[in-house]
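Scrolling down, you'll hit the structures one after another.
Consider the two complexes below, in which chain A is the common component and chain B and chain C are the respective partners.
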Partner chain A sequence: MTTTTVRATVSLLARKELHDALRNRWFVLYTVVFAVLALALSWIGLAGGQLYGLAGFGRTTASLINLIMLIVPLMGLTLGALSLALEREQGTLLYILAQPVVPGEVLLGKLLGLAIALTAALSIGFGLSGLLLAWRGSPIGLGAYLGLFGLTILLALLSLSLGILFSSALPRTATALGSALFAWLLLVFLGDLGLLGSALALRISVEQLFTFSLLNPLQVFKVAAILLLRSDLQVLGPAGQYAMHLYGWRLLPLSTSVLLLWTLIPLILAYLFFRRRGAL
Partner chain B sequence: MGTGVLAVLLTTLVAQAQPTSLLSERLAAVAPGDTIRVVGGIYPGPLRITKPVVLLGEQAPVIDGRGQGTVVIIEAPDVVLQGFVIRNSGRSLDRENAGIAVHADRVTIADNRIENVLFGIYLRQADSCRILRNTIEGDPTLDTPRRGDLIRLWYSNNALIQDNTTRYGRDVVIWFARGIVLRGNTIQFGRYGLHFMYSDSSRIERNRMLHNSVGAYLMYSTRLTFRRNLLAYNRHASAIGVGLKDMDEVTFEENVLVDNQIGIFIDNSPRAIDAQIRYLGNVVAYNDIGVQALQDAPRSIFRDNSLLENYEQVDLVGGGRFSEANGTFWERNYWSDYRGYDADRDGYGDVPYRAVALFDALTDRTPAFRLFAFSPAVQALELAARAFPVIRPEPKLIDVAPRMQPLLPEGIPAVPRRPRPVLALGGLALLLIGGLTIGSARLRRLR
Partner chain C sequence: MALLTIEHLTKRFGTTTVLVDFSCTIEPGESVALWGPNGAGKTTLLRCVLGVLPFEGIIQIKGIDVQRQGKQARRLVGFVPQEVAFYPTLTVGETAAFFARLRGLDPEEGRRRLVQVALQDRLDQPVGTLSGGQRQRLALALALLGDPPLLLLDEPTSSLDIRSRAEFMDALQKLLAAGKTLLFSTHRFEEVEHLARRVLLLENGHLEADTTPAALARRLFPETSQYRLRLHLPERQRPEAVKTLQTHGFEVWMNGHGLEVRVSLNEKARPLTLLSRAGFEIIDFELHA
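Right after this comes the complex of A and B.
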């Protein structure tokens, strides 16, 4: 098979996946919720910032990061978990695999289609809040804004590939979706709470605390996002100072590569599972 | 146009007509109390003034130290030095090379531009001097600890320091000086904006301390009025807006502390058993920590302050709580995280404000946990603490009737907020990309 036909197949599958995603009610709901909340948070954050025209990085601006950390992994994980499992249950996957395509193409097509859909959804939310921030004269610059957008896309891809892994490994939609939701809970809540608890019990050092926290890709995202918006990590206390002292601005490429690794490894695993399992 | 050219020509002529050594010769020739007008020109330093004379510079005459020693040394009282450009002092910290060194009383230094110096204006045992409307710039290429203090008072009482601007220095130092008035100055890009020690009965008002490591550190003094100052963007490792160490009898009023790492830092103040500190009507906003106290802040009244959107509003290092038995009172402050209501519409909440954030209680004891700030997990924890009082910590302070609206002092100049077209373009581009992708996919489906 030549590269051109591979490309044509992948793009065809991607477009199909994009159509499906846009028809998916969950996807539409996520898009609307993200856009509305991002707008509302930017508005509230700036309403307080009118004070003498001096604005900092208050609790409310921080909640924008919070919103991203809550909703974007949920979007990626659920959409990814539904992608293969739903079609497998409906039998359409069997139909697709009966065509002259290989599993790799199907997986890549799905990933691309969903990634485009997610990027579009996030750019609508970011675009709207960006316009609002610009109009109200926010302290956030274009570089930090686009950087945050890029990081958010990475986070979306990461959770998407995790979702696809569940989808390819688990036989039923319900189990895939359930596992995806549990993974979300683990990433967003349980991981940090667990680390907090064990740090309290075991009295681990600042260095260890920082290193362990980087096992959670969401923390990696958070550290990079704060570094982008604030250009330092003072707000994260001693651990932040330690990280800044040790890595400085190298944290940004470092965390980007960690996020990319978190995307690639589940994808490779997903491919292996999918090749073995096929349409069953 | 013609007159401009003429003026330039004249200046050049005058400058050329005056040999460089003329300034000290003219000084030697005049009687005490005389006025010398200096029009333009460049004169080599050092210039030593040993008679009470008035030196008026017109068209910005320059005294250039050429990188050697102190540029202007004033050793006679009642000297006025006005309208000069003084530049290029030496760089020796142990010899304290300065732009202007003053060793006599009642000296006035006004409207000068002092550039590329180690120390700026150095008053040593010089009482009742006035430092007015000078612009002082250090050498930004030096590391901050290698720089000098752009204004330094050493055993110099009753000085008036007003409307000066300093940049790229180490500190503005006021040590062992009584009755100082520091008013309307702008101090930027230094280490300590104001380094204030052993100086009683002083008044510090309407200054702006921006982008320093520490805005103002007030230490070992009593009877200080500190009001209507703006302290913003003071950030670095362990940076603070205003620090109070062993201070007594301070009225800390209507100051604005914005976007510092720590807004107000309180260390063993007040120190004396009968002394009090009053924090009234201050605005503390967008700091990582609004108010931080080491262990305790006894005999202190916090009234009518507005604590807005600080990541942690009040931090009591080591945990615990402020106690009214020790004389700490929090009254009628505005708290942006207050969740009460005002049914009787008197402007004050009907439910007390309790500072009980579980995460704050954790980080007060173990600062390393600040790493988890902004995590959704922490929000969940706070929610749980609010819903299940079992795990709710003791409140570190209670404000019985908090304000419903922030109280913002008037007369502090606002920075205008302009729309940002570049950011708008970026937002528009993203919106278009997203909209077009979805739109085109939908259209194709319809076809």
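Right after this comes the complex of A and C.
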């Protein structure tokens, strides 16, 4: 009797997922939009840098971080939300689970395939933008730029695992996708506005404001990214200064750990839901 | 040793109990039909045997527990679902190779199984463009990957036309003759009659009877020696088909969908053979007591 190792099964499912993702028109659109905007922002920033010196460059990094915070979670959440729910609705998930595989392998294969696809898409945007910055002599160091790329991949993984959680817990594609889009709105828009509103209405302290901001992974990403690119958090105001004063450079590994937790916890929950719900 | 053992299987979806304390054993080489109305629990039973649904009780295939050792147990099972769904981005050849690899087999094994179901000339065709019959044959080819001893079939012919259904049933007969064990659900008595050696009657999730096709016939058609065979043919062929059957002594009349023929117990298939040989296109048929 033949046997397949977990690694072989996961690798096969991941390759299949990658094959499908590269043919997904939404994925292609996201990739193109991200690459074009990243390139355009870098170009504009460099032009501004020539006129206004470092201030212009500061605007570039801020725009790049905002672009990442806007598009990358949308990519990860929607791809993740479609992953299991769509196959469940089409009936292919039942067919896959009827083979000699276990739910954990299916989930891991999907995660790996989509993570590779997302990394490839982000590499295109970062690669083009990086080439332009290097060619025009940008003051961003290679290490900081690669660090930002790494943080962005972590953000993509985090969004993907949240999307997969919706996909495994909710029975219909429309519900999973709707929930993912709602989560995106909540993280991107209500995160900032909610914090600002709460700070004003409840008169919360700087310490509390910083702690609350850690509940939103996008804010955690922002803190880490700014710290990486600018070496301080002055642009974040008193909350940023408080964080710098309290943690200093330990804030970077702390933020990365929080992002990793935000990736792992939804994945564990997704696995538990998927094991219970299966193909139904 | 029994190939399939089911002990005290109970399956609940929320507050609804779909299968209640179901137990049975199936020996190697048996062909067992699951018979019962919609909602009786046939599909759920097959999915529990596959180990894709959690349940209470024990299901073992060759002594392997499908819940605890699902991966090993599913190596012994080939599955043909009611609605076959394949990945639309793959071709027939790619689909066979993918599922062969998933079972840890050489992709060439996929190609061999396609030959077995006469799909070898469709290797580069996208699965989305296959006809219903071809899709079902592809599903059968995939179910045969790795030569599993047990085949589970969930109403496998429900979406097929009469010719594809006949071909599919013929393929299953050959597999049965080759020693495979079949557990299939169906709503068609003729499939039970031609394929099953044993029938499990399900009613509201309970095993009502473990019986034979002949006993099922007596239960379904008590005291009946005459049947009505309803034939679906293209409209233009119907008047000529009536004449053909009447020449052979059949009592036949037209209805809204096709023809109805009165047939006796031992010649239920004769009108089909006659019309088919005469070149008529029989789209579908039903047998009524």
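Here is the rule we use: the second predicted complex is superposed on the first by the 268 of 280 C-alpha atoms of A that agree within 3 Å, B and C clash if a C-alpha of one lies under 4 Å from a C-alpha of the other, contacts with A are read in each partner's own complex, and residues count from 1 in each chain.
Here, a residue touches a chain if its C-beta (ideal position, glycine included) is under 8 Å from a C-beta of that chain, and two chains touch if they have at least 3 such contacts.
These numbers come from a predicted model, not from an experiment.
In the three-chain model built by superposing on chain A, chain B fits alongside chain C with no clash. In the superposed pair of complexes, A:Gln90 makes contact with chain C only, with no contact to chain B. In the superposition on chain A, contact is made by A:Thr9 with chain C only, not with chain B.
Once chain A of one complex is fitted onto chain A of the other, the partner contacts of A:Gly248 are absent, as it touches neither chain B nor chain C.
Of the two partner chains placed by the overlay, only chain B lies in contact with A:Ala134; chain C stays clear of it. Once the two complexes are laid over each other on the shared chain, residue contacts for A:Gly104 go to neither chain B nor chain C. Angle at the C-alpha centre of chain A formed with the centres of chain B and chain C, after superposition on chain A: 170°, rounded to the nearest 10. Using the contact criterion defined above for the overlaid structures, shared-chain residue A:His19 touches chain B and also reaches chain C. In the superposition on chain A, the chain among chain B and chain C reaching more residues of chain A is B.
By the touch criterion stated above, A:Gly150 is placed in contact with neither chain B nor chain C. Our summary of the superposed model lists a minimum C-alpha distance of 8 Å between chain B and chain C. Taken together, the two complexes place residues 19 of chain A in contact with chain B and also with chain C.
Here chain C touches chain A in the complex through residues 47, 50, 52-54, 70-72, 74-75, 77, 79, 81, 83-87, 89, 98-99, 101-105, 146, going by the rule given at the top. Of all residues in chain A, those touching chain C in their complex are 1-4, 8-9, 12-13, 16, 19-20, 23, 90-92, 94-102, 276, 278-280. On the side of chain B, the complex with chain A involves touching residues 230, 232, 235-237, 239, 256, 258-259, 261, 283, 285-288, 308-311, 336-337, 362-363, 366-381, 406, 408, 412-424, 426-435, 437-438, 441-442, 444-445.
Of all residues in chain A, only 15, 18-19, 22, 48-60, 62, 65-66, 69-70, 116-117, 119-124, 126-138, 140-142, 145-146, 149, 188-193, 195-196, 199-200, 206, 209-210, 213, 218-219, 222, 226, 232, 234-241 touch chain B in the complex they form.
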